[in-house]
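Have a look at the structure that comes next, please.
Order of writing sets the labels: A, B, C and D. Residues in every chain begin at 1.
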Amino acid sequence: MIDLSTTLGNAWFPSPLFTASGCASSGKELAQFIDLREIGAVVTKSVMSKARYGRPTPRMAETPSGMINSIGLQGPGIDEFLTHDLPWLVSQRARVIVSIAGETVEEYATLARKVRSAPGISALEVNISCPNVENRGLVFACDPDASRRVIDGVRKTLGGELPIIAKLSPDVTDLVSIAKGVVDAGADGLALINTVLSMVINLDTMRPHLGGKTGGLSGPAIRPIAVRAIYQVHEALPTVPILGMGGVASGRDALELILAGAKGVSVGTASFGDPAAIISIQNELKELLKIRGFTSVAQAVGFAHRPNEIEGA
Amino acid sequence: MGQINKYSSRIVATVVSNKRVGQYHQILLNVGEMVNNCKPGNFVAIKVGGENAKMILRRAFAISRVSMTGPYGGSMELIVAPFGQGSKWLCSQIEGSSIDLIAPLGTAFGIPTEPVRALLVGGGYGSAPLFGLAEVLKNRGCRVDMYLGASTGGKIYAPMEGKRSVNVLRIYTEDGSMGERGRVTEPIPGLIADGLVDVIYSCGPMPMLQAISEIVAGSDVVHQCAVEESMACGVGICMTCVLPVSDSDGHVAMKRSCIDGPVMDGAHVLWDLVGKVPEVHP
Amino acid sequence: MIDLSTTLGNAWFPSPLFTASGCASSGKELAQFIDLREIGAVVTKSVMSKARYGRPTPRMAETPSGMINSIGLQGPGIDEFLTHDLPWLVSQRARVIVSIAGETVEEYATLARKVRSAPGISALEVNISCPNVENRGLVFACDPDASRRVIDGVRKTLGGELPIIAKLSPDVTDLVSIAKGVVDAGADGLALINTVLSMVINLDTMRPHLGGKTGGLSGPAIRPIAVRAIYQVHEALPTVPILGMGGVASGRDALELILAGAKGVSVGTASFGDPAAIISIQNELKELLKIRGFTSVAQAVGFAHRPNEIEGA
Amino acid sequence: MGQINKYSSRIVATVVSNKRVGQYHQILLNVGEMVNNCKPGNFVAIKVGGENAKMILRRAFAISRVSMTGPYGGSMELIVAPFGQGSKWLCSQIEGSSIDLIAPLGTAFGIPTEPVRALLVGGGYGSAPLFGLAEVLKNRGCRVDMYLGASTGGKIYAPMEGKRSVNVLRIYTEDGSMGERGRVTEPIPGLIADGLVDVIYSCGPMPMLQAISEIVAGSDVVHQCAVEESMACGVGICMTCVLPVSDSDGHVAMKRSCIDGPVMDGAHVLWDLVGKVPEVHP
């Protein structure tokens, strides 16, 4: 028997496998393919204060072992989300991590206040890979100071119960210092990594393919970047729980992120190729842990950091 | 469970046959029981490239026809244009190959409860689902006319056996290499003016669908079109495939063409806003 | 007839296709597979002042549509390079771009001084993606100030003849500001992009696979990142020539980088899969340019930035 | 042109046959004229995964044997263990499939000018190139003994026809399931002490090669080993495949096992430094 359970801050989950924000919509769409109670939790699409149309189409392009997207956070807004989407998930007895996104420090705090009183949430993921309208559109997660202020505002509004997981962007010179900053500001955990800023040029129109010009790269192509990010941050902050993600498409990949330091693993793009991917990954992970003599996920977290046993001793 | 993707499942199907027809491949897949849930307008999402592929996303194909009987049990027909790497891979799969697919997906063409005069308009491989639809309509006692268009004759898909369910079949090519020279949309205003059509069903390139919607606007003719937007997931979880659609009270929403489509009411699609973002507030 | 010729600063090349530094060794190894005179230039492996062993093995791992490497700049040192490798390339009548790398600002200047007097060089590529031993091993290219100082030192030592191409790392928050800094300091062109910092964990040993732990991700997986980087920098600095690279494996890919703003395209990892890849890419590029009605490479450079013609006009 | 990779070329070969032999696949490729340049010890670099593959690097395989005659013209044999995604793909290629390969690559086993007593030691699929080598040595009048080892019998590759060129063939398995129980290296010190061997040729896992080098050290026996380091390019341009090797005056260099190997003088390889960086200055 392998104990698959894991924790992120004070939240407990029966499995380390989660959906990735924006890759499971509101959960309903997947319920035909998987039993939502079987996975760690559904991480919802990042929700903002107001309803949004998002970016113009085309919103995606496939790339070698990956894809780029620019959805632009299309969504119903937090009120609609809390009255419709969340109660449905709760009624299904799925565990839920709500992801929020804002354009100002204030918007994040407002979102946190609304989420605070909603029942049935296990944790709050704060997606700070959004343009900061108060600072020339510079992405919050690329600015140590803005990142800290967002998390600080959320922490203060939210109170001390719900774990806050700050979701970081890999598009920075010094990821560890951003991570330290948000942890100091009150984040209980870190989600690594969001998509990598990218572009595809359409060879027919000879212009950027996406309506939004640039997009975020995801899928197996970026897995080595995710592993590095998780490893670096776990090395610097070994006690801070990491929800890892980026290109996980098999149990092997999930284990790789766990060995690097992730306590949980989100499956994003792989669900587009197979809506039940997360279940296969969970089963494969269990098998791989067993073969390696682990009896729990917890034993494997960060294993790659431990010194090798002395050879021949 | 939920309502979305209600009858969808993922199976591994076998290629029964793969024939070249003009510039397309007609691919017959053995899918078993699944055919009972497939309706004209639904699509299938296929994993392409084989085990070690660098392609990670499925490709959507309209279900051209299904058959419950026949020597292979339930089978599904697709009409595939060998266009890019995914469709070329599919077209290269020989008899006996295994195909990983999810179906049926998306909305279906609405079938009128009374006999109506239906015009089916297809562009390129867009004619594929129209033959299955024609059969259903014919069985309901509808009059079914079909107009097919393409740039050139090799891109017209019009199988012999499909013509049985159709009262009139007219073909238009831009280069005049088959049927009449011109666009398939050209005769439609005349038909409407003459009161010869109640419902138009269309499937083909977006500009064709838009043109038909514009022709139909202001008339009583209903226009059900199967749109084709670039899809990453096909099951409603990625939000890449959206179109601006207005509801009855004029409210505009970005609807997913994989679950709120591909069949949509042409009058509700805001064609001029496709590829743009509405300026009004959501 | 398509005019394939291009320029980088005052250097002229008959083709926009170059080898990528570190992916053609000293050129000799490829000569069995391609005629070195047929391509734009051979960009040599980055050379340092002294001979180096490089990093421990394993030095590579394959990843989905990519690979990671940590060679660690194994090489013979500049003196050996100038007496043996360079004269051989010159004797073959290959055009040569010499790539240099250092651990201190001073080392770069020393290298520039030695290169200055060597005959047969078309341009100098300054690889600043190296750890700066004087500043806690922080990679020069990740530090705007250190980047500028390296280029400034090289420019002053080299004099005004040879074009200087500064090779930048994509692992930064603000690539455009680094690019502006090195151009201000005297770079005539920019090489974009070097590999992306990554890691693979070996699932057998459950430790980082590479001897050097982290490595650089290259190959088609990173092409969308390269296209974005080139597009961003060309938009900000439209007159500065860019030598683009990152995942180019076909004529289509080369054209994508050119449309984004590259005047030249280096082929790296693709040569490992096919040592004659650069020649096929060159032929395919010519065909693709022709189909699109271009009569020269120059017409296509940065095309993706031009406004669309007014529709229906 | 240059000397490096002098006889190498890239061709598309056809699979003539693909048979399972124990835990390996014996794959015969039609390669034409190329065989004239292939020597025992050389390897081939094969593109794996097909057209849309996410694998971008070639895989190296020792050339087991070549034949100039035979019903297919020049052919090359490989012995492949289905290990990871690349080798599994190769093992799944059926007769008639096309294989993109570059060969011959790397150094070859040195053939003595006089008849010597040669011991050929193979571990796992490492025995593959030894049979071709045995033939050459036999033709030179050498006495050829062959010792093969593996963890278990299914991993011993020893084809019937190969035994013809060998005076003595002994097999060792760690689990005793075939031949004698034990390691293939165990009897070697005795042979050397008894003065029964002049040259050892070895191919197999690195620890086996190291063990032989240590046994041979101090004796007059020459040890030519074919090393196996992880290779990205196979042609000398990437520097991933290096090994620490000392030259006659004790100077240590990181040599590329693809062009300065795979066959190297075991006495020159600094086995304890493999996977490390020498502390002395280059």
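In this section, a residue touches a chain if its C-beta (ideal position, glycine included) is under 8 Å from a C-beta of that chain, and two chains touch if they have at least 3 such contacts.
Note that the structure is predicted; figures quoted are calculated from it, not measured.
Enquirer: Hey, which pair has more contacts between C-betas, B-C or C-D?
Expert: Between the two chain pairs, C-D has more contacting C-beta pairs.
Enquirer: Using Cα averages as centroids, what's the distance between subunit B and subunit C in whole Å?
Expert: 46
Enquirer: Go ahead and note the Å separation of the Cα centroids belonging to subunit B and subunit D.
Expert: 56
Enquirer: So the centre of each chain is just the mean of its C-alpha atoms; given that, what is the distance between subunit A and subunit C in Å?
Expert: Subunit A and subunit C have C-alpha centres separated by 33 Å.
Enquirer: Determine the centre-to-centre distance between subunit C and subunit D, using the mean Cα coordinates as centres, and give it in whole Å.
Expert: The mean C-alpha positions of subunit C and subunit D differ by 35 Å.
Enquirer: Give me the residue numbers in subunit B that touch at least two other chains, ranges are fine.
Expert: Residues 54-55 of subunit B touch two or more partner chains.
Enquirer: On subunit A, where are the residues touching two or more other chains?
Expert: Each of 64-66, 219-220 in subunit A touches at least two other chains.
Enquirer: Just say which it is for the chain contacts: an open line, a closed ring, a star, complete, or other.
Expert: The chain contacts form a complete graph, every chain touching every other.
Enquirer: If you look only at subunit B, which of its residues touch subunit D in the complex?
Expert: 48-55, 85, 89
Enquirer: Inside the complex, what are the residues of subunit D that reach subunit C?
Expert: Where subunit D meets subunit C, its residues are 1-2, 4-6, 8, 10, 47, 54-58, 102, 229-230, 232-244, 252, 254, 259, 274-278, 281-282.
Enquirer: Okay, in this complex, where on subunit A does subunit C touch?
Expert: The contact residues of subunit A facing subunit C are 63-66, 68, 142, 171-174, 196-201, 203, 205-208, 214, 217, 219-225, 227-228, 231, 247, 252, 255-256, 259-260, 288, 292, 303-304, 308.
Enquirer: Over in the complex, which subunit A residues touch subunit B? Could you list them?
Expert: Its residues touching subunit B are 22-25, 28-33, 45, 50-62, 64-67, 69, 71, 74, 211, 219-220, 249, 269-276.
Enquirer: Residue numbers of subunit B touching subunit C in their complex, please.
Expert: The touching residues are 54.
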